[in-house]
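For clarity, chains are labelled A, B, C, D and E in written order, and residue numbers in each chain start from 1.
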Amino acid sequence: MDFPVEVILFLFLLATALTVALLEDLFAAAMMTGIFSLLSACLFTLMDAVDVAFTEAAVGAGVSTVLFLSTLALTAQREKQHPFTWFPLLLVILTGACLVTGTLDMPHYGDPKAPIHVHVAPEYIAGAERDFGIPNIVTNVLASYRGYDTFGETVVIFTASVGVMLLLGHRRRRPGPAHRPTITPEGAARMRDFAIVRVVSMGVIPLIVLFGLYVQFHGDFGPGGGFQAGVIIGAAVILYGLIFGLSTLQRVVPSPLLETGIALGVLLYGGTGVASLLMGGHYLDYAVFDSDDPKHGRHLGILLVEGGVGIAVTCAMILIFYSFAGRALAREAFDEGGGGQ
Amino acid sequence: MSEVLGLWNYWVVIVLMMIGLYIMIARDSLVKKVMGLNIFQVSVIMFYVSMGKVRGGTAPILPEGGAEGVLFSNPLPHVLMLTAIVVGIATTALALALVVRIKEAYGTIEEDEIHALAGGDGMDGRSAVQGEAE
Amino acid sequence: MNAHLLVLEVVVPLMAAPLCMLLPSKPAARMFSIAVAWITLYLAWSILGALGATEHGVIAYELGGFPPPFGIELRVDWANAYLLLLVSGIAAVVLMFGPGSAGAAVAEGRHAFFYTAVLLALAGLLGITVTGDAFNVFVFLEVSSLASYSLIGLGRGARAPMAAFSYLIMGTIGGTLFLLGVGLLYQMTGTLNMADLTTRLPDVLDTRTIVLALALLIVGVGIKLAVYPLHQWLPNAYSFAPSVVSAFLAATSTKVMYYVLVRIIFTIFGAAFVFETLHADYLLLPLSLIAMFGGSLAAIYQHDLKRLLAYSSVAQVGYMMLGLTLASATGLTAGLVHVFNHALMKGGLFLAVGCITAQVGSSAMGDLRGLGKRMPFTCAALVVGGLALIGVPSTVGFVSKWYLVQAALEQDLLSVAALILLSSLLAVVYVWRVVELCYFSEPDATQVEVTGRPPVREAPLGQLLPTWILIGSTIIFGLTTDLTVGTASKAAAQLMGVGP
Amino acid sequence: MELALDVASWFCLTVGAALCVIGAIGTLRLPDLYTRTHAASITDTLGAGLVLLGCLLQAGTPLVAVKLVMIYAFMLYTGPAAGHALVKAAYARGVLAAGIPEEAQEGERPSESDLPEEP
Amino acid sequence: MSAEQLIACSILAPLLGAFAVLLFGRVPNLRDTASSAATLVTFSLVIQLYPQVMAGDRPRLDVLEVMPGVMLAFEVEPLGMLYALVASGLWIITALYAVGYMRGHSEGNQTRFFFFFALAISAALAIAFSANLFTLFLFYEVLTFSTFPLVTHHGTEKAKKAGRVYLGILVSTSVGLLLLAVLWTYHATGTLDFEQGGILAGKLAPAQIPILLALYAFGTGKAALMPFHRWLPAAMVAPTPVSALLHAVAVVKAGVFSVLKIVVYVFGIDTLAAGDHSRWLMYAAAFTILSSSIVALSKDNLKARLAYSTISQLAYIVLGAAFATAAGVIGGGMHIAMHAVGKITLFFCAGAVYVAAHKTEISTMNGIGKRMPFTMGAFFIGSLSIIGLPPLGGSWSKWYLALGAAEGENLIFVFVLMASSLLSIGYLMPVVIRAFFYEEGKPEGAEPGHAHEHGEAPLLCVLPLCLAAVGCVLLFFGSAELQALIAPIVEAR
C-alpha cells in the first residue's frame, strides 16, 4: 500500500508534544502548542475532515496562542524545574496500556465496512441531497440533524465568555481619554509606532473581515460556517486592538455593544428553534418555516442559525480579549498609580 | 500481525493523550497544565476524526456534478468534533482566566509554592477579602 | 403538548441566561432568575404529572423532527423526571437565598453575570438529565461544568480560584474521558442514541473495546461524582466557593452525575453485563464502603464548617454508590431516594452556613462558639440538618438508611448492613462537635473585638426562609415519603426491568 | 502540452522545497536572531512562492488558480511585515546581535521620550 | 371522647403543656401552674383509657403511612397502659417536686428545663402506646434527644462530658444494634406490628433467634444491661428532679418496657421458651443484678448508690422477661410500677436532703433523721419497698418473679433474687440507721463554724415524697388490680 503521508505528520506531532512537555521556557511552549494545532489541522485535512481542520487552525493556532501569550505576559515566563518523579510516569504508562488493549478489537483505520459508516452515515449523505440540497453535508448535519448539539456549543462559548468576564471583569466604565494605556512595559516602543506594521495591518484588517464574512455565508457550499467566521472576524478586531491599544479599540467597539451582541447571537439561535416550535414543528425543525417548499425553509433556518453562531463567537472572542487585556491595564495602573486609582 | 497493523493511528493518538495527561499530572506550572489539557483534548478529537476516515473517500462535500458513485468519509464525527474544539477553547480560556486570578492572589503559578503558601497560612476561613477586582 | 414540555424545560433557562445578562441592576437580575427557576420547577412538576398519564411511563421528543437514530431525541422516564423535579426545586429555593451574588467577590456592575452563570449551570444540569443522546450529555456536561468553575472561582478569599482551577483540571479530564468512552461506544455500534445503543450493544458486548468504554465512562463520571479515590477536588471546591454556590452545587451537580452513572450502567450496558459478567461490584462495593468511613472520619477532624460538610458529602456519595452496587430494585431505590434526601440535607446545611458566614464573616469552627443564643434559628437549622445526616427516624436520612439496609439484607450482606449503621455513628461525632460549639461554649472575649464586626444578630428572613424550607422538607419528606420513595421505586423497577 | 506543464510544475515544486530546506538549515545554524530571521524569510517569500506556482500549473479550474494567486499575494504582503515587526520588537527589547561589540549597538535604539504624544 | 381521640390527646397534652411553659416563660408562677395543670390533664386522659383496656379491647390510632409497609400507629395494650399510668402519674408529683427543688435551689433557665421535661414525657407516652417497632424506635430516639438538654442542664464542663457519655452510649447502641435488629425483623417477617404471641414464630432459623434477642437486649441501651450501663451513673450530674423522674421512671422504664414488649409481642414467650433461646439473657441479667448491687455498696455518694441500685432493679425486669414464663412476665410488669414508685421516693429524699442540708455524701448524714423526720421516714418506706418486704408493693413483684423462676425450672435464679434482696438491704439500710440512730456529732472534715442549722426541706419537696411513700404502701394492696391488668397478655395463648 502507498506510504501514508499521515505517518510523517504524526511523527512531527509526537515530537511537538514531547517538546511542549520538556520545555521550560513557557513562551516557546506556547508557540509549540500553536504548531501542534497547525500540524493536527493538516492531519485533519488529510483525513478528509476539512471543516474540523479549518476550525482547528483558526482556534488552535489563532485564538489559543493569543490567550496563552497574554496570560504569560501577566504571569511567569519560565517554569521552575522540578525533580523527576516516577509516579506520574507509571500512572500514565498504565493507563496507556489499558487503552491500547482496548483498541485491539476496533475496526481498522479507514475500513469502509465499520459500523459507523453503515448505520447512520448513509442517511446523512443521502438526506443532504434529497431534503436539503446543501453541498456541505457537515454544515447541514451540524445545523439540522444535530442542531441541538450546536446550540449547546454556542452556549458553551457564551458560558466561557461570561465566566472570563466574571473572573477578570473590569468595570463597565466608558474608557476616559485621560488614561494613557501602554501594553508593553515602559522603555519599549509601542506597537502603534511601528509605521510599517501599522500600514500593513491597516491594509490587511478589512481583507480579513471580508474573508470572515465569505466564510460565514459560504458555509453551505464549502468548508466554513458560523463558528470559523466568528473566530476570523474576532482575530481581525484583536489585531486592531493589539496595534492601537485597548482604549482606542473600546471606543470603536464598546464592550456593552459586544455584551448585547453575544446575548443576541445565543437568542437568535434559540429563537429560531422557538419560532419553529410556534409554527407547529418540533424544536429546531426548520421545514415549517416555508410550508410549501421545505428545502427553502431549511435553507433559511440554517442561515439564521449559522448567523447566530457567527455573531455570538465574534463577540465572545473580543470580550475574552478585553478581559485579559483589561486585566493587564488594571495591573499596570495598579503598579503606576501606587495601589490603583 | 497484519490485522493489528491497521490500528497504528489509534496508538499514536493514545500516546499523544498520555503525553497530555503526563504534562497535567507531573508539571507544576499551571499554564503548562493547561497546555497539557489542550494536547489531551486535541488527541481525543484526532481519535474521532481518524475513526471517520474511509479509505478512498473524499471530504463530505457534494461535488457540483451530482454525487453518484463518489465515496465520502463519515460526516458525523466531524460535526461532533466541531463542538469538541469549541469546548476545548472555552475550557482553555476559563482556565487561563483562573491562572491570572491565582497569580494575583498568590504571586506565583507553581502549584507546589501555592500549596506551601495556602497550607502555611492554615485554614484562613476568616480570610479578609483579597485585592478586590476594581 | 406535554412532549414540548421536555424541550421547554431546558430552553427556558438557556434563553433566560443571555436575557438576564442584559438586565441593568442586580435586584432585577435576581428577581428574573428566581422567576425562571420557579418556571422550570412548574415545568418539571407538569412533566412528572404527564409521565403519570402515559401508560408505560416514557415520554420521547425528537428535535428538529428527525427520527431518533439520526436526530437528537429527548427521552424522559421516571428516573430523570424525578431528577428534574429535584434540580429545579433546589434551584428555585437556593436562588431565593439572601445575599445571592453579594456573597461572591463580583466586580460591581457585573452582578447580572453571576445570575447568568447560575442559570447556565441550572440549564446545563437540566440538559444532561433530559437528553437521550450520549454525545449531548457531554455538551451539556461542559456547559454546567464551565458555569460552576467560574462560580466557584468567585468565592471570597484568596483560595477560591485555586480550588476552581484544580476542579477544572480534574473535571475536564473526567469530561474528556467520558467523551472518549462515548466515542468507543459510537465506533462499535455506529449510533449515539441511548435507546438505540441498548438494542445494538448486546452483540458487541464481548469485545475488549466495550469493556474499555465502560471503564472510561465510569472513571469519567466518577471524577465528576467525586467517588472515593477521585474526590480530591470536592472539599476545596465546596469550602472556598460562595455559600450560595456550594449549596446549589452540593445539592444538584453530583446528583445529576449519579443519574448519568445509573443511566450508563442500568440502561445502556444493562446490570446483568456490568455486575454479573464483569463483577464491577467487587471494585465499587469496597470503594463505596471506604468512602463512607473515610469521608466521615475526615469530616471529624476539620476546622472549617464548610469543609466538614464537603467531606460529609464525599461520605454520602459513598452511600449512593453502595445503593447502586447492590444492583437490586431495592438497592437502586435506596440510591435514588438518598439522592433526593441528601440534596435536601446538604442544601439546607450549606445555606445555614451561608447565614453564619454572612453574619460572622467566616465559617471556621472557632467562630461558632456560643452562636446558639445569638442566632437561634440558624443553629436550630444546623441541628435538624445534622440529625437528618445521622439518620434519626422521622428525618429523610432515616428513610434512605432504611432502604439501604433492606437492600443489603436482601442479599444476606449482614456485615454491609452493620457497616452502614456504624458509619452513620461517625456522623453523630461530627454533628455533635458542631452542637457543642454552638450551644455549650462561650465565645472567647478576645475574638469579638478583634474583627470589629457589627454584633452578630439573627440572619434576616431572606436568608432564613430558604434555609428552613429545605431543612423543614427534610422532616416532611422523612414522614410522608410517597413522592420520594414512590417515584424512586417506579424508576428503579423501570431501570432494572424492561429499561426504557 | 500536458507533459510540458507537468515537467514545469515538478521543477517549481522541487526548487521551492529545496529553498524551504535551505531556509530551515539557515535558521538552525546562524548565530543570532537577526540573521535567523533573514534566513527564515527566504522560505516565507520565494520558497512558498515557487511551491504555489507549481500548484498553479497543476490546478485544473481557473477558480483554484485565482485562489492560489490571492494566497501568494497575501503572503507577499504580510510575510515581510511580520519579519520586520519581529526584528524591530527584538531590537527595541534589547536583543544583542552576536559578534558585534555591545557598545556599538547602543546608539539608535528608539526610547520612550521621543515618541509622539497620544492623539 | 372516643378511644382514638383519647390516645391522641394524651400524647399531645404534654406537648401543649410544653408550649404553654414556653409561652409563659417570663412569668415563673404562671409557667409552673401551667406545667402542673398539664400533668393533671394528661393523667386524667390516660386514666380514662384504663377501663377500656381492662375490658379487653385494644384501641388503635393509625397516624400516617411513612413508608410502604411501615406505619406510624398507636395501640394501647395492657403493658403500655401500665407504663403510661406510671409515667403520667408520677409526672404529677415530680412536677410539683421540681418547682420546689428549682425554687429552693434557684437553678438557672428553668423554662428550658420544664419545656424539655414535658417533651420527654410526651415521648414516653408515645413509646407506651406504640403499635409497631418503627413507632417505638422513633420515639425512643426522640426521648434520647429530648432528655439530652436535661442531663446537661448545668452547662458546666462536667455536665458536657456526662452528656457526651450519655448520648454516645445511647445513640450508638440504638442506631448500631437496635435499628439493625428492627430492620432484620422487618426483612425476616415483612411486618413490624406487635402481635399477640409474637411475629417471629417460624420465620427465623432457631440459631438466629438468640442473636436477634442479643441485638434487641443490648440495643436498648436504656435497659442499662451491664456493658452498656455507664451512661446512667454519668447522668447523675443532672439536677435531682431529672434523675428522679427520667432515670428512675421515664427513661430507664422505656428501656425495660421495650425489652418486655419485644419479648412478648415480637418473639412470643412460647417460641422463646420452646427453644430455650433466652437462657444466656438470664445469666446476663443475673450478672448485672449482682455486680451492680455490689458496686452500689461501695458508693458513698447517695445519688450514685441509688443509680447503681436502679441498674440492678432494671435487670430484675429483664430477668423476668428472660424467664419466658407467664409469671415471669407478670412479675416483670409489676416490678416496673413497684420499682418506679419506690425509687422515686428515694430520689426525692436525696434531693430534699441536698436542698435542705446541702449534703450528698452518706458519711456526712449522721443524725439527719432528727432534723428531717418526714424525709427520712419516706426514705425508710421507699427502701423497704425496693428491698421487697411484705407491707410494701415491692414484695409482690419479687414474689411473682420467684414464681416465674420456679415455673421455668431455673431455681438457681431464685437464689439470685434472694441474694440481691440481701444486698439491697446492705446498701439501703445503713443510710436509714445512720440517719436515725447516729448522733449528730461533729462530722469530720465538715467546714468550720457552726453545724449547718437546717430544718425539714421546703413543703413543696416534702409533700410529693410523702405522697410517693404512701403510693408504695397503696400498691401493696392494689397489686391484685395490677396483676389482673397484665395477666391477659400472657394468658391468651
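Keep in mind that, in the parts below, a residue touches a chain if its C-beta (ideal position, glycine included) is under 8 Å from a C-beta of that chain, and two chains touch if they have at least 3 such contacts.
This is a predicted model, so every value here is computed, not measured.
J.: Chains touching chain D and chain E alike, please list them.
T.: Both chain D and chain E are touched by no common chain, going by the contact rule given at the top.
J.: Would you mind naming the chains that touch chain C and likewise touch chain E?
T.: Chains in contact with chain C as well as chain E: not a single one.
J.: Using mean Cα positions as chain centres, tell me which chain lies farthest from chain E.
T.: D
J.: Farthest from chain C by Cα centre, which chain is it? Let me know.
T.: D
J.: Would you say A-B or A-C is joined by more C-beta pairs in contact?
T.: A-B
J.: So which chain ends up closest to the centre of the protein, judged by Cα positions averaged per chain?
T.: Chain nearest the centroid of all protein C-alpha atoms: C.
J.: Whole-Å distance, chain A centre to chain B centre, using C-alpha means?
T.: 13
J.: Between chain C and chain D, what is the separation of their C-alpha centroids in Å?
T.: Going by mean C-alpha positions, chain C sits 56 Å from chain D.
J.: Roughly how far is chain B from chain C, centre to centre by C-alpha average, rounded to an integer in Å?
T.: 26
J.: How many Å are there between the centre of chain A and the centre of chain E, using C-alpha atoms for each centre?
T.: Computed from C-alpha means, the inter-chain centre distance equals 76 Å.
J.: Which positions in chain C are in touch with at least two other chains?
T.: 107, 135, 139, 142, 146, 149-150, 153, 161, 186-187
J.: Give the pairs of chains that touch; include all such pairs.
T.: Per the contact definition above, the touching pairs are A-B, A-C, A-D, B-C, C-E.
J.: Going by the contact rule set out above, which residues of chain A touch chain C in the complex?
T.: By the definition above, chain A touches chain C via 98-99, 101-107, 114-121, 123-124, 127, 144-149, 151-153, 155-156, 158-160, 162-167, 169-172, 259-260, 262-264, 266-267, 270-271, 273-274, 277, 281-287.
J.: Under the definition above, what is the set of chain E residues touching chain C in their complex?
T.: 64, 66-68, 70, 72, 134, 137-138, 141-142, 145, 152, 155, 160, 164, 167-168, 171-172, 175-176, 179-180, 183-184, 186-187
J.: Under the stated contact criterion, what part of chain B meets chain A in this complex?
T.: Chain B reaches chain A through residues 3-4, 6-12, 14-23, 25-29, 31-32, 34-36, 38-39, 42, 45-46, 49-64, 67, 71-83, 85-94, 96-101, 103-104, 108-110, 112-113, 133-134.
J.: Under the stated contact criterion, what part of chain A meets chain D in this complex?
T.: That would be residues 180, 186-191, 193-194, 196-197, 200-201, 203-204, 207 of chain A.
J.: List the residues on chain B that touch chain C in their complex, please.
T.: Per the touch definition, chain B meets chain C at residues 21, 24, 30, 33, 37, 40-41, 44, 47-48, 51, 80, 83-84, 87, 90-91, 94-95, 97-99, 101-102, 105-106, 114, 118, 123-127, 129-130, 132-134.
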